[in-house]
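Two complexes are shown next, each including chain A; its partner changes from chain B in the first to chain C in the second.
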Partner chain A sequence: MIRYSLRRVPSGVLVLAVASVLVFAVLRLAPGDPAVVLAGPDAPPETVAKVRAQLGLSDSLPAQYAHWLKGLLTGDLGHSYILGAPIGKLIGHGLGATLELTLGALVLAVLIGGAAGIGAAVPRNRQVRALANGFTSLAGAVPPYVTGVLLVLLFAVTVRLLPAGGRVPILSDPGIGWQYLIMPALCLALPVAAVLARFLAASIRRVRDEDYVRTAVAKGIAPRRILVRHVLPNALPPVVTVLGIQVGQLLGGAIVVEAIFAWPGVGQLLLQGVLGRDYLLTQDLLLLAVAVFVVLQTLTDLVQAALDPRRRLEGR
Partner chain B sequence: MTTHIPRRGFLGALGLGAAALALPGCSSAVDKASTGTGGKKVLTIVQGADIAPATLFGQNNPNFSINRTVFNTLTEYDHRTLRPQPGLAESWQVKGNAVTLKLRSDVTFHTGRPFTADDVLFALENLKRPEVASQLKHVAQAVAKAEKNGDHEVTITFAHPVGNAFDLFEIMIIPDRETIRELAAGTKIIGTGPFKVDSYTPGTGVTLSKNPKYFKPVKLDGVEIKVISQSTSMVAALRSGQAHLALDLAPLDAAGLKGDSGFQVVVSDANDSVFYVGSNVTVKPLDDKRVRQAVAYAVDRNRILSQVLGGIGKASSLPWAPSSPAYDAAKAGTYSYNTAKAKELLAQAGASGAKIDLFYNAGLGTNAKIAEIVQFNLKEAGLNVSAVPLQAPDFQAKLTGGGIGGLFVNGHGFGQLSPATLVKGAFPFNAEKNASKFTDGTYRSLADELWQKPGAPVYGKVNDFLLDQQFVSDLVASAHTFTISTKVKGLAYTMFDYLNLDGADLA
Partner chain C sequence: MTAVMEAPAAAPRRGQWRRGFGTPSARIGLAVVGLMYLAGLAAPLLTGHDPEAQSAHALLGPGGGHLLGTDEYGRDLWARVLYGIRVDVLVTVVAVPIGAVLGTALGVLCGVHRWVDVVLQRAFDVMLAFTALILGVTVAAVIGPGLPAVLVTVAGVNVPLFGRIARDAVLTQRDLDYVVAARTVGVGPVRLLLRHILPNGVDGLVVQGALSLSLAVFVEGAMSFVGIGVRAPAPSLGSLLRSSVNFLHQNPAYAVGPMVAVTLLVVAFNLVADGLGKGLLKR
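And then the complex of A and B:
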């Protein structure tokens, strides 16, 4: 297993290196100037030029890239142009919030998606299947910004049961923290749950037609035992692959959800960075996102290898 | 007879019961957010963008919540008379080109260091630094000599007569000179104001607590400033009781709360949020002033006022707010919606059917909606207008660098106080260099006259000149808004719309 994991390291490093060049270049190609944003409204061109020089943006592009890379390799992420604060500290503040939101959403997505997937594929009752299918269609069709606004209107404005936005870290005060987390996490989880449910239902249907399942049925084994011991373990690997990809979607969707619920995560920070042309902040965050994605893909491979030993033997 | 209870039903009921028991056991986040902690009076403010400490020395909207709560300025205008009132300066004397300010002696910075004349001299020098942006920088640069007469008196002598010195004294916050480097980075925000910064989390918000050594009694225990980028989410925070005050809601959201008895929309009487269409006068056919006048006639200002700004403001062809001494009610109505007149002027200039690009900052919803109306109206008048939405940094860079190749929709301020501040400090109107690339000797002379010898005769001449040249066609003079819960009492703001919470309280 360790050798299997180590084989994935060079490709991960290569992906990060290519991503760093792309991220740096694409941001510089986008029109706009952080010095203009930093100088504020009504700033004359002379002030903007002075600010640009101060930020180091008058240096050549290769020099700027080398400076950034050197900083990354020595653990110095630099300072945000617009916010002034060290980027490491900014990411530290936001990352915890985004991870909390993403993990909360992931748990909800797995629970809801799992239940809906099983509900759509297993029961003989047609109404239950229709309900599960209807839910997946609705959850997949309604975008998070609509769900978010509806949830806020219903539970924060009309009923006043949950806070409209903000965050109290769940680890510092679980009793209050979950009340802040539940709406944004649900909003983020629903589209992912819909995808998981569809894949899980399709996978269960496929596995149920396998010979070993028919044999189990013929032997008179209880349906629940067949589902838990024989169908689900074999139906899950493709769903885990989808889940790995969907986690990336969760991180992307967090940008919108964080804006609706004033959730102070890195999604908001990234948006602020892009809109302010805060190059260093945006570069660091995008590269972090690529790194997270690489790690997630590796983890997905590892989970699949654990579930299916044949994967570990591939490429030997 | 025994009743059979299904196992699933029993377990489900058990789960629901446990949840029902657990939920009331948790304290409510909603109650906690709306009542504050420990019975303290903490005002919660929500605003759309994060504070920008590097731009604290000029007027920048996201800083409205901290300019005057964490800092003080030397003087503050009375809104009705526009006469300066004491701030950190308790009295002053104007003699020729010199102003002598007597400073309060009972003021300390949040670090405990006493405020002295040296801090005023430092603030002036700081404003002159090239990398420090301020719309009133030209006034600081006109200071020929600034000297202290003891610890609590300064004399500022200008190189020539200056009509807007008190605009400078109203906008210039007095920072702590010992932490000025940290101020720009936002790591130490130290002032003399009624509240001190306990924590600042960039992108999230600021926590302020009462300054116990403030020179006036303060009723609030603290202020919580939260950044919520969506206007609708700010409304939700207000409606759910999580926030008491929202700065600059989207105009239609503010208008939607006007009839609600739980809220009050305070419309700033500074009226310094003016929307306009600018013209790059080096681009054909906008180099012909008849075309620019046609643009001014073509736009339906009242439609913009009602459909985009929710009725907050007043249609006007002049850049001044009604409070300005240069405001002329009769001339403010010079250009009104007249498509026939616009067509006539375009025909005279041979520009009917001409192709023109219309640029706007797509990140500002209000500007985008105004641009749609402007585009429609100009097409009605016979111009072939293409809308060009740009992201904020791109738009700003093009505006500052003169790269906008046509018309542009934007907003400006600085029409509410001394007229010189607009023509010398606001970039759209700056007589030396402006967004429209409009350079004209007469305009420069008028701007200098306005600065050095302000008075009714020159106000009339400037108004006529601006109305004739139309390199900036003003549309609607709107205003910044403070939407407050009725629990908020004693809210005040300066003529630059800086929140003043000296006397604010929560019922």
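And then the complex of A and C:
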């Protein structure tokens, strides 16, 4: 296991390093000079030069990259031009909101996906299975921005049950907070739930055909006990991988969902950065998104290897 | 061994294509996509309204010369939805094939040498770490929001997807008996690739193609929705849906057109992919 980790982690670090160079380099290709923007439209060249020096933009590109990287590693993410605040602080605020949203979505996805997956594979009743299958196909195909607008239309406009947008932190006021959280979280959760359900159902069907399950049936063990003790424990490991990859993508989905529900998270911050041409803010957040993806994927691989020893021997 | 020997035979392949495209889900999906694309392309025939012409009749409900009502500038929503579909036609017909060809070419290159394979595999890993929308944001930050950003993003997302499938196909097929036999007989590398290896690895690429078309519609909608894709006044399904959010109280029908159109397209392409997958991949 240790040997596997030693092999797996460096490739994650490599991907991250290349991604950081890439993010840094492509944003330097973007048109427009932040120094000109910041100095104002009528600023004389000397002022622009001074601003440029202040921002560190007059250094060579490798020096700028090294400076940025050093800042990232020491926790100094720089200063946002457009929002006039330290980026570390801005991200800190946004991350709380995004974390609440993605964790809420994750809980819903596991509950809904688990129920739909079991519902699609286990019941003898064909209609129940068809219902679960239908739900899975639909939830997997409908984009979150459609689900989001539909939810707002149903529960905020037609029936005025829930607020159409905004956020009250669930930790500071759970009673009100959940009303703001439920629609965005559901919207983000449904596509993930669909993928989970599909893989869980397939995995259950595969495990159910194994000899040891047949043996258990032959011994006369109750169906519920077979499901809980024999089928599910063996059906879950492959689903863990899928869950890990899906969670890595939640941050991308959060950009859309936060935009629908005016949820003040890092997705909104990233869009502000891009549309306001705040390169440093954009750069930091893009790398954060890539880092989250890479870390989760590496963790997923490690968990998978811990659960299934065969994985550790692959590709030797 | 028998399965391997069956694979290269030419005759059953045509039957397999028929089986793939002949499944009910593939047929329904293709029909829906066909109708919608036709509607988008024939937009001037289906509506007399200019999608960008403003009028004093803002936020009307459906009816009275406006099939879906009007938006906040009095523009006809039915016309805007029809012309919005054209953006998706463009994205699926132009950007997806570019990404597919580029990705497949890179994937095939992996078979050239072990080191090329290692480097390209890592490159795919890096590309995959930029999930669709994160890549979209990156592209929009560099070249600015707009249709070009959507096209570049959709092409870019597809490169590693097709690259991996093509690589796996080449590496597995390369060592199969019929390829070794062909090589022994003196078939050159290019002919070997184009006539023997790719046709037998094409199933996975075709299924991925259908999924990628669905993904393309999804990405266009998402990028335009958050404001980094197609921007007003040009209509697109994503940007229409976005502006509808502000006026759901005044005209709930505003959201219906783009919602139905995006969903139909994405679901239809998924159906095609499902059908093809059943027909082609499961033997």
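Here, the second predicted complex is superposed on the first by the 257 of 316 C-alpha atoms of A that agree within 3 Å, B and C clash if a C-alpha of one lies under 4 Å from a C-alpha of the other, contacts with A are read in each partner's own complex, and residues count from 1 in each chain.
As a convention for this text, contacts are C-beta pairs under 8 Å (C-beta built on N, C-alpha and C of every residue); 3 or more make two chains touch, one makes a residue touch a chain.
Note that this is a predicted model, so its numbers are computed, not measured.
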Partner chain in contact with A:128 - chain B first, chain C second, else both or neither
neither
First (chain B), second (chain C), both or neither: which does A:259 touch?
both
Report for A:289: first if it touches chain B alone, second if chain C alone, otherwise both or neither.
second
Return first, second, both or neither, reflecting whether A:34 touches chain B, chain C, both chains, or no partner chain.
first
After the superposition on A, what does A:271 contact: first (chain B), second (chain C), both or neither?
both
Partner chain in contact with A:146 - chain B first, chain C second, else both or neither
second
With the two structures laid over each other on chain A, which partner does A:43 touch: chain B (first), chain C (second), both, or neither?
first
Once the structures are superposed on A, label A:23 by its partner contacts, choosing first (chain B), second (chain C), both or neither.
second
One more residue to check, A:11. First (chain B), second (chain C), both or neither?
second
With the touch criterion stated at the top, can you tell me which chain A residues are shared between the chain B interface and the chain C interface?
30-31, 149, 152-153, 156-157, 164, 259-260, 271, 275, 277
Tell me, which parts of chain B touch chain A in their complex?
25-30, 32-33, 46, 50, 52-55, 58-60, 130-133, 135, 184-187, 201-205, 226-230, 232-233, 236-237, 239-242, 363, 390-394, 396-398, 400-401, 414, 425-427, 430, 433
In the complex, the residues of chain A that touch chain C are 11, 14-16, 18-19, 22-23, 26-27, 29-31, 137-138, 140-143, 145-146, 149-150, 152-153, 156-158, 164, 248-249, 251-253, 255-256, 259-260, 270-271, 273-275, 277, 279, 282, 286, 289-290, 293-294, 297
Which residues of chain C touch chain A in the complex?
122, 125-126, 129-134, 137-138, 140-145, 214, 218, 221-222, 225-228, 238, 241-242, 244-245, 248-249, 252, 255, 259, 262-263, 266-267, 270
In the complex with chain B, residue positions of chain A that touch it
30-34, 36-48, 50-51, 54, 79-80, 82-85, 90, 93-94, 149, 152-153, 156-157, 160-166, 168, 175-176, 178-180, 259-262, 264, 268-269, 271-272, 275-277
